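Order of writing sets the chain letters: A, B, C and D. Residues in each chain are counted from 1.
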Amino acid sequence: MPIFETQEEIPEIRERLHRVGITNLRTVAKINWKGRVYTFLPLFEITIDVPEEKKGIHMSRLVESITEAMSEAVEEEVMEAHSSLEELGKAVIYRLEGKHPHKRAEVWIRTHLIIPRETPASKKTTYEPYDVEVGVIKNEDGSFEKILRVKVIGNTACPHAMANNNGKTHIQRAIGELEVRTAFDEEIALEDMIDVVESSFSHPTYTLLKTVDENAVVQGMYRNPKFVEDVAREIFAKAKKRFKGRIHVRVISNESIHKHDVIAETWS
Amino acid sequence: MPIFETQEEIPEIRERLHRVGITNLRTVAKINWKGRVYTFLPLFEITIDVPEEKKGIHMSRLVESITEAMSEAVEEEVMEAHSSLEELGKAVIYRLEGKHPHKRAEVWIRTHLIIPRETPASKKTTYEPYDVEVGVIKNEDGSFEKILRVKVIGNTACPHAMANNNGKTHIQRAIGELEVRTAFDEEIALEDMIDVVESSFSHPTYTLLKTVDENAVVQGMYRNPKFVEDVAREIFAKAKKRFKGRIHVRVISNESIHKHDVIAETWS
Amino acid sequence: MPIFETQEEIPEIRERLHRVGITNLRTVAKINWKGRVYTFLPLFEITIDVPEEKKGIHMSRLVESITEAMSEAVEEEVMEAHSSLEELGKAVIYRLEGKHPHKRAEVWIRTHLIIPRETPASKKTTYEPYDVEVGVIKNEDGSFEKILRVKVIGNTACPHAMANNNGKTHIQRAIGELEVRTAFDEEIALEDMIDVVESSFSHPTYTLLKTVDENAVVQGMYRNPKFVEDVAREIFAKAKKRFKGRIHVRVISNESIHKHDVIAETWS
Amino acid sequence: MPIFETQEEIPEIRERLHRVGITNLRTVAKINWKGRVYTFLPLFEITIDVPEEKKGIHMSRLVESITEAMSEAVEEEVMEAHSSLEELGKAVIYRLEGKHPHKRAEVWIRTHLIIPRETPASKKTTYEPYDVEVGVIKNEDGSFEKILRVKVIGNTACPHAMANNNGKTHIQRAIGELEVRTAFDEEIALEDMIDVVESSFSHPTYTLLKTVDENAVVQGMYRNPKFVEDVAREIFAKAKKRFKGRIHVRVISNESIHKHDVIAETWS
């Protein structure tokens, strides 16, 4: 039986589509980062452009590009795995090039990073979770860009309430997001981006805190009161100094005195 | 052309199903509460049981029961609308009785309540949002029960950190949930359930707070430090005193010193 | 006791912030649309810019702007309420102008619309839910823009599988999103944007469907097989014809043969 | 400076709390399953009961129990890691026993499983994602129970529409959930539970599908039309036969002809 390739037909309505592909695909990925292999269970999105005269794309080829990029790494032994999420993303696009014509391609990988830290006073090991997202974009001229995003949980102690209440104030969890869009070859570690955000709150937070550590965090928050605006400015200023590229910062504070959140956002 | 009623066939596998129906149905509803008409955009779930010998249910009849219960109210003039979310739920089940055989039926209605309050110092009006959910259950013996749920945002100021840091402490947003399961005719206002939860935090929160109000909330939180356990116990004790029925309490605190949450839960 | 206005201090780090304000604020709103009053329970976000030399903003004034814009409408009698979500957004910004200096302001309002429709064969009334979002932006030059977004649920029947399986194919729920960014005075009804999206699927969907209606929808889907790419192109082409402004289209299909989704996106 | 142990004080309100602890804690975990090591990034919840006369619990000891249970496994070399998610949960409770007095304890672990499968016609390898959750409960008498949950994506082809439209019908993505509550020592593989659910839909779904595979899935769905009720009954009947314990089944279908979902649920 012949197979009809409906995707190759000319569509009735002729419009170029910028991004067509698969999204919310959960799979397993291995990264060899500085000699150690890390396993992730990321969500993938892969899209390519579709010209005016083609009806659709062959979705299965996008899926195969992920699977092959993975198994390629595995075959070369795990120690030879992709050295970062963006290298994995690029490997997916390279696989895709042989499979499906396109001018422009994007791969997005979203996962969690768990990083060991030291608690502030007892110096115990604590494992801290962060949300990260990496986008790799192949432009029409063949150049590659990347978009790196981190999302870090910290806190704010309000300086306004502190000034008006003899040192008492309201404190709350806050979430800081930093995005850097830059050339693919620019070396930027997600860990460094996380550091920029985490060091800009009233105080970093920890999964494990013994009483002496809890005291250190509490004292630290009161020594360092900050509006959500201050956190955003500090992330932005540090990021501009450390990372080359376009910076976007967003901080959201889950106010303890309100039912709504407050937000501060800026970009270059 | 004859219409096949596949639903009435005998299924290959004979098992009674307890709950079959529609869920995540968004629609509009009007309630006449103490002489004023309130409009909601709730999510509905309606289920009935299916006996061993029936393959399926006629889903459209469940949808019609909602629509008719609404329009019945509207036709009798809005001022004659259902006087509470649970009366609306019961009206849906009454409509369903004439439409679809069943032994057991449930209607769940989930929406937001916006309640006007007064700010603590400036005495301005502020509108506070709460999530509420009402379930109406018709049991096999024809009796009606209801399950009322409210979800209220407040805060906790940690007494342990306060004792160890000369009055300084960590503070955070907390969410209190109260569920009462009781006979249908038991009169329990969702507003009273909200009061029970909101008065059990270190302090209530407000959408609008001028500086004098903010100061009142801050001072109040420090005067009333509470573990998430204390909040749960207080809600539970108050609820048992005020409401007849089975009580379930859950409090979650979005810790400002951790990336995870803490939880306290109990029930009767 | 003097009140310290910490917000007015000069911050250590001098960076302009583009968007500072409140978000995820749930409240009640009334709109008088073509002579009928509709009630919503929307989520609000309001932001203004903060210059380099100011530490923070007075968040409570943003909240007051919402409340006053609402009550202003109510005082002028509900029949004089704002005539659309964007008029409400603009009224909030007008209120804000007297309260808080700024160069740039944004108001975002997110809610559900419930629209009565007629079922395709039995001609019964059915109430269909849609997610809508309206953003009103006051630019630095004082001009107003608006961003209108609708999200509509429909379906796709795959033409490729249909060609290869003698008319059998896979069918699934799909979600179409349309955004128009335009001058504030451009008259665009959210209902018309919804029509553009809803008419571009393999077939519209309905909350209520009797068997004759279900048959009409099923027959209609098979007569009109579409890739997610076809749906995106059709929405885009129709929207460009009907609405003046910048158009963004995104369609996501919850594939019935995959665990992941497929996506098609384009913009002008 | 002395450390105040506020948690050990007697609370004003004396009520036993059934579940107090930490929730939404994201961390990394390794499982050695049948000789191969798998890495997960699960969400943890750990709770213990609190007697009437204790004000609170020492949250940090719950966190330490997770960390130590992990590192214990790592120290004994990864090949000696816990052999299943429930063994890991039990190891956490064992660690907790030496740290914090309690009568009752619960550990919940939620993660994704990625399982390799074969596509139906081309026999290629495809990686399929599933959501799983494991709860380990230590009862007051010291006995251990476990609760195993899997969530599987599949599809339904409506038999009613098929009978009324000469073989044409509506098809959609459906989600099947199976829970088994049983004694800890009962051997039940999550993979087997997934098989029970996945084999009960109109057809299983696949991440990778070449055209010949897509045809096989499409043909399969039409040969096997099922109501959401049929899927629930089949999962329930199979689960009762294969697994000893209390069974709970819930199936939700994201209808392609409606904007809402339909649901079928039953339990033993």
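Note that in this section a contact is a pair of C-beta atoms (placed from the backbone, for glycine too) under 8 Å apart; a residue touches a chain by one contact, two chains touch by 3 or more.
Predicted model, so just to flag it, every value in this text is computed and none were measured.
Participant: As a test of understanding: of all chains, whose mean C-alpha position lies farthest from that of chain A?
Facilitator: Farthest by centroid: B.
Participant: Consider the two chain pairs A-D and C-D; indicate the one with the greater count of contacting C-beta pairs.
Facilitator: Result: the pair with more contacts is C-D.
Participant: How far is the middle of chain A from the middle of chain D, if each middle is the mean of its Cα atoms, in Å?
Facilitator: Their C-alpha centroids are separated by 27 Å.
Participant: Quick one: report the Å distance separating chain C from chain D, using the average Cα coordinate of each chain.
Facilitator: 35
Participant: I need the residues of chain C touching at least two other chains; which ones are they?
Facilitator: Answer for chain C, listing residues that touch two or more other chains: 3, 25-26, 129, 160, 164, 207, 209, 211, 214, 258-260.
Participant: Drawing the touching chains as a network, do you get a line, a ring, a star, a complete graph or other?
Facilitator: complete
Participant: Which residues of chain B touch chain D in the complex?
Facilitator: Touch residues, chain B against chain D: 1, 3-7, 11, 13-26, 45, 47, 50, 55-57, 59, 159-160, 163-164, 227-230, 232-234, 236-237, 252, 258-267.
Participant: Would you pull the chain A residues touching chain D in the complex into a rising list?
Facilitator: 3, 25-28, 38-41, 60, 63-64, 67, 111-112, 114, 125-127, 129, 207-212, 214
Participant: Over in the complex, which chain A residues touch chain B? Could you list them?
Facilitator: So the residues of chain A in touch with chain B come to 128-129, 153, 155, 160-161, 164-165, 167-173, 203, 205-207, 209, 211, 214-215, 217-219, 221-222, 254-260.
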